[in-house]
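Two complexes, one shared chain (chain A), two partners (chain B, chain C).
== the complex of A and B ==
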């Protein structure tokens, strides 16, 4: 580390590493230098001129965002000249601003309002007509109100640099300069809404949130996105038991402020009109709405009867439900129903990966590791489409630290653009010499690598002679947790062998079981007819599977319950209830009630998320995480086993759905916003 | 073609080939010492070339007047990146039309200047960025480039010296801001014409993020003369600290408008009376813009004893600028001048930064209202106040260029603004200088 530079700001003697900007140094010392265009992590544009400060020996005011600190520099941010400059800058900005704060989405959390309040003048001397242009819709998600735009270029930069999409630009010049989309009148992009989120004013607004509420009327609930396995924290803004928006402006969580379209807007499936709000029981061949007590009794009685007759059970769990629910479900299956016929849709070969890494420590890369690794090797996956956060992290790592990114995929991917090397196909071994020269490496692989392929990758990684970490990619918000919690016939929670064979996902769907119990999955999606004598389904919607059930129990979605989930990178996080849907219950509760009806409540223990989590902490290695981290909304890394997995990993059962940006299994099918994006493209 | 007959008071250095038959042709050029300076430079070390330029006291002719030799010496010769020569032929400054005359009548001197700059900084390619409206010049330049390639004065191993150099002509799309060096580079790279954050300056990171020498057309055209005649001789033509001659474009209320090559330090009075033949109809001088509309306007009184050089103009709080002299007679409406200028700057503001984008537009709107007869005394103060609060706070000097004339107008001609409110309006008599 080079010696720190010494300087003063407003009389405070400070020091910082060379190259630190005055604005950052001031911020660190608790001195606010106002800014619009400066944005941590994005390139400098020095366009807003709000950050002007006085620097001794310099004839003009200087922009604190572009000025690096220098030895002996004397900076003043609190002088009449600086105050005047700020006041005028705001007056200039407001000359062509519509000042429609009373109806603007941003009113109340607008940076321009805040700045005008703190640094501006109470009145304007501007009496001329303002430049006006009508509002435009760029896409189903993105709306643009040019008059409100202050041209800070944050949106342009976040789209280009942050997302790697470069869908926004600037057209025209002077006072009619305008932000414009990449396809003339419309935008074709990831629809992630990062531009909307980063906009300091109400110029970019979202199709889902605009004109819905005043920000201060909302309650904010921090939870985890329920779509892919990347585990982004999303803060849901709710009012009157409705979710109105998602964002993560406080930058907490493993994703900072990143979210893709699903995390930011794709929550809307929860109040789709088709949402089930009452239990259904098949009567005379038709599903009819009944009370919860009737439905639970029907399930419990059937289970008791089949147990008595020594009939067969099959249980299919979910990769969306919480760890508590999964743990509790497998416990119920094994201890109450006495079966190992339990499985879930496996989307990545986590088991082989953990087995191949046995005996080694610190081998699983976290989301943060992907931002810090000196080199990253991507095998098979189209990260930008299937793992947007991981793709974002790697891109940020490249932009900020010039990380070397190596891509080995069948088809072109977004990472190609800045990759150090691209190999089409699977010949990662050809990169060995270059990888050996890297200080460290993170390797990500999708489900096109399973079983022996993964062992080969690990063997390859371990002979490079550098520290290597791995990410076995999986699909859904709790795919990883489902394996950790023992939702497979061959493994108990924490990868302990069950010792007894059981039926698998596909086998159960096709077997003549006495009872098939499906919790948050859709095994008959492809149109097969049920084989089981009795089919119980817990779901939010009448899926293809639910439609064939004898009893359908309406389940709460992830935004309607508490618990924990484990991201694809093994980071354990808490989800928190934001809203309620009348009639639906959390899967944990439903399983608990079934246990109670069957008189098995004592055996199963309490069905509150906290109580079950305490049991998990004791039972699953790696889940004994510090509670404060979790409770405060942090993420805790988990390594559920460090030793050989004494069971067949069954790589043949692993298959990813490869859902892209605008698809998300059942949830995606019921999301209006995701569908509207797909439709807008098809109609083009 | 030439637009005006020469004046006997001129010192013909850069313009010495003007008026020769076929002056733009390579034959004419070669017959009059053409490319000899390059041959001479090719036998010198880069340091010797730069020293010669330093000795000439040549200062940039684009407006800022930065010492050229010093600028060249900032280029890191040993950088592993390629280096580029970039010619600023955007000539957008109102009142300026001298680069065009140079490119039209003596394009090979520009090419030779680029070659010598290339030798000095180890550059092997260059771009001539020509203002979009000068489209006809592209043909002339393209022809000159083709001739130079055909005769072996461009391309590989030029005249057996072992030096390779390629030169390309490129047009802008009609933006004043693209004359600002960093916006020019963005535009040259095919991007939107907005300026870059500096530092780094073009010498370190210019075209395509590589070290670049970026100079005005006239600056490059002076280089062959300096190499041939020696730096000292060139320096002696001018004043201390500023050597040589300056092509001065004389326009406005003047009997003999045109482009004249005058020694630096030429007296303003003599420029108006003798070179320009005085103001039509015996009118009196009211205002004087020394070097393009971006310079603060001088009153007739301030012109007393002034000479056309950097120091004399600086001591009057104005600038020598680009050499675009605009003469305004006693009948000129300064309100109209204000409106015309503000319209120009708000139209040309690139829009990148708040104070210039919004400030120039606001000034234009006030000036329009004022001109239409709906002004008030408070507006006069407001105009000055807005301009003063743009000054020094914009991203690039265009904002200053708009603010400075506005400030000088309301401060130096406040009476006229007040009279205007009272209904006393001036109409020009001597031709239409200011059209709105």
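== the complex of A and C ==
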């Protein structure tokens, strides 16, 4: 570390590493220097002049955002000259800006409003007619109102630097310059909405949220996005049991402010008109709405009857449901129904990865590790489309720390642009010499690597002679938790062998079982007809599978319940209920009620998320995480096993759906916003 | 997109004059030279310059819409630029501009029907010492009076 530089700001003697900007140094000392264009993590543009400060021996006011501290520098932020400068800058910004805060979508959470309140003048000398241009719609997600724009370039920079998309620019100049989309009159981009959230004013607004509410009327609930396995925290703004928006402006969670279109806007499936809100029971060949008690009795009676007749059961669980639900479901299957016929759709070979890493500790990379690693090797995956957060982290790591990114994929990917080396195909071994020279490495691989491929990757990584961490990529919000919780025929919770492996996913869908019980999955999606004598489905929608069921129980979605989920990087986080949807119940509750109807409640234990989680903490190694981390909304790393997995990993059963940015299984099919953007109709 | 061999040679020199990875620095001269050859900056040209300098077409558009000397519509064969900025204004540059408009029968940014002339009111061209100043294509004309301008335009008209 070079010697710190000493300087004073407003009379305070301070020191900071060379290269620190005055604005950062001031912030650290608790002195606010107002700014618009300065934004942590993005490049500097010094466009807004809001951060002007007085510096001794400098002839004029300086922009604190671009001025590095220097030895002996004397800075003042609290002088009449600085106050006047701020006032004038704000007056200038407001010349063409509409003064209609009461009806502006940003009113109440607008940085310009706050600044004008704190630093601005009470009146304006500008009496001329304001330049006005009509509002434009760039896409179903992004709306732009030029007169409100203060040209801070935040949106342009976050799209280019943060997202790696470069879809926005500033055209023309002077009073008519404005933000423009990449396709003339419209945007073709990730539709992530990062530009909208980062906009300090009401210039960029979102198609889903604009003019729905005043910000202060909402309740904010921090929960975890229910789409991919990256585990982003999304803070849902709700009012009257409706979700109005998602964002993560408070930077809580492993994703900071990042969210893709699914986490920010893709919550809308929850109030799709096709949402099931009453149980259905097949009567005379037709599914009819019945009361919960009738439906639960029908299920419990059938289960009892089949148990008595020593019939066969099959249970298919989900990679969207919580750890508690998955744990409770497998417990029900094994202890009440006495079967190992239980599985879920496996989207990555987690089992082989953990087995191959047996005996080694600290081998699983977290989301934060991807931002810190000196080098990253991407095998097979198109991260920007399938793991947007991980892609974002690696991009940020490259921009901020010049990390070396190595790409080994079949097709071109976004990471190519800044990669240290690109290999088309699978020949990662050709990179051995370069990787050996790296201080450390994180390796990510998708489902095109399974079984022996993974063992080979681990062997390769371990002989490089540098610290290496791994990420076995999986698809959905709790794909990882489903394996950890023993939702497989071979393995019990915590990767303990079940002894007698039962039927797996495809076998159950095709077998002549007495009962098939499907919780949050769609095994008959491809159009196969059901084989089981009795089919029970818990889902939010009448999927292809549910349509063939004898009993359909309407399930709550992730935004309507509590519990925990485990991200693809093994980070355990709490989800929190944001809204209630009439008629639907959480899967955990449904399973609990079935147990009660069958008289198995005592055997199963209470079906509240907290009670089940306590049981998981005892049963699954690695889940005994510190509770304060979890309850305060943090992410706790889990290593569910460190030893050989004494069962066949069945890599042959692993297949990812490779859902891109605008798809998300059943949820994606029922999300209006995901289907409305043009990009979802292009092949992405 | 194909250009004349001379223009291709210029592009090659331009792109080689900046450090590797900084090809975008060649964007403005490339656009100017290509505009001389094509008459204006076309969509096709934008895409081509973007490709060759390693930026997005939108980034090229940012530059074009910033600089007035880059035109999306063709100008006349003789592009008459009359300065009306302070020094020229003090020496009747504004009247000179009006005079030129009348003489050519077109308004600011207009092009004559025969495509020979176009006119543009411009800001300071750095010729203040000889105000009022007029620029026709790449040629400067100093201390211009309405009479001088008439003669100049007539000469050009005859040249065709």
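Quick note on the criterion: the second predicted complex is superposed on the first by the 677 of 684 C-alpha atoms of A that agree within 3 Å, B and C clash if a C-alpha of one lies under 4 Å from a C-alpha of the other, contacts with A are read in each partner's own complex, and residues count from 1 in each chain.
Keep in mind that, in the parts below, a residue touches a chain if its C-beta (ideal position, glycine included) is under 8 Å from a C-beta of that chain, and two chains touch if they have at least 3 such contacts.
These figures come from a predicted structure and were not determined experimentally.
Undergrad: Would chain B and chain C fit next to each other on chain A once aligned, or clash?
TA: These partners clash in the superposed model.
Undergrad: Which holds for A:46: it touches chain B only (first), chain C only (second), both, or neither?
TA: After superposition on chain A, A:46 lies in contact with chain B alone.
Undergrad: Between chain B and chain C, whom does A:522 touch in the aligned arrangement: first, second, both, or neither?
TA: In the superposition, A:522 contacts neither chain B nor chain C.
Undergrad: Looking at A:339, would you say it contacts chain B, chain C, both, or neither? Reply first, second, both or neither.
TA: A:339: touches no partner chain.
Undergrad: In this superposed model, does chain C or chain B come into contact with more residues of chain A?
TA: Of the two chains, more chain A residues are contacted by B.
Undergrad: When the two structures are overlaid on chain A, which partner does A:93 contact: first (chain B), second (chain C), both, or neither?
TA: First partner only.
Undergrad: Regarding the shared-chain residue A:173, is it in contact with chain B (first), chain C (second), both, or neither?
TA: It touches chain B and chain C both.
Undergrad: Applying the document's definition of touch, where does A:545 land relative to chain B and chain C: first, second, both, or neither?
TA: neither
Undergrad: Answer with first, second, both or neither: which of chain B and chain C does A:150 touch in the superposed model?
TA: first
Undergrad: Which partner chains sit in contact with A:139 here, chain B, chain C, both or neither? Use first/second/both/neither.
TA: Touch partners of A:139: none, neither chain B nor chain C.
Undergrad: Identify the residues of chain A that lie in both the chain B contact region and the chain C contact region.
TA: 169-170, 172-173, 177
Undergrad: Touching residues of chain A toward chain B in the complex: what are they?
TA: Within the complex, chain A touches chain B at residues 44-50, 52, 59-61, 66, 84-85, 88-89, 92-93, 95-96, 125-126, 128-129, 131, 150-151, 169-170, 172-177.
Undergrad: Would you tell me which residues of chain A are touching chain C in their complex?
TA: The contact residues of chain A facing chain C are 166-173, 177, 180-182.
Undergrad: If you look only at chain B, which of its residues touch chain A in the complex?
TA: Touch list, chain B to chain A: 175, 177, 192-193, 197, 346-355, 357-362, 365-366, 369, 382, 389, 392-395.
Undergrad: Would you tell me which residues of chain C are touching chain A in their complex?
TA: 56-59, 61-62, 65-66
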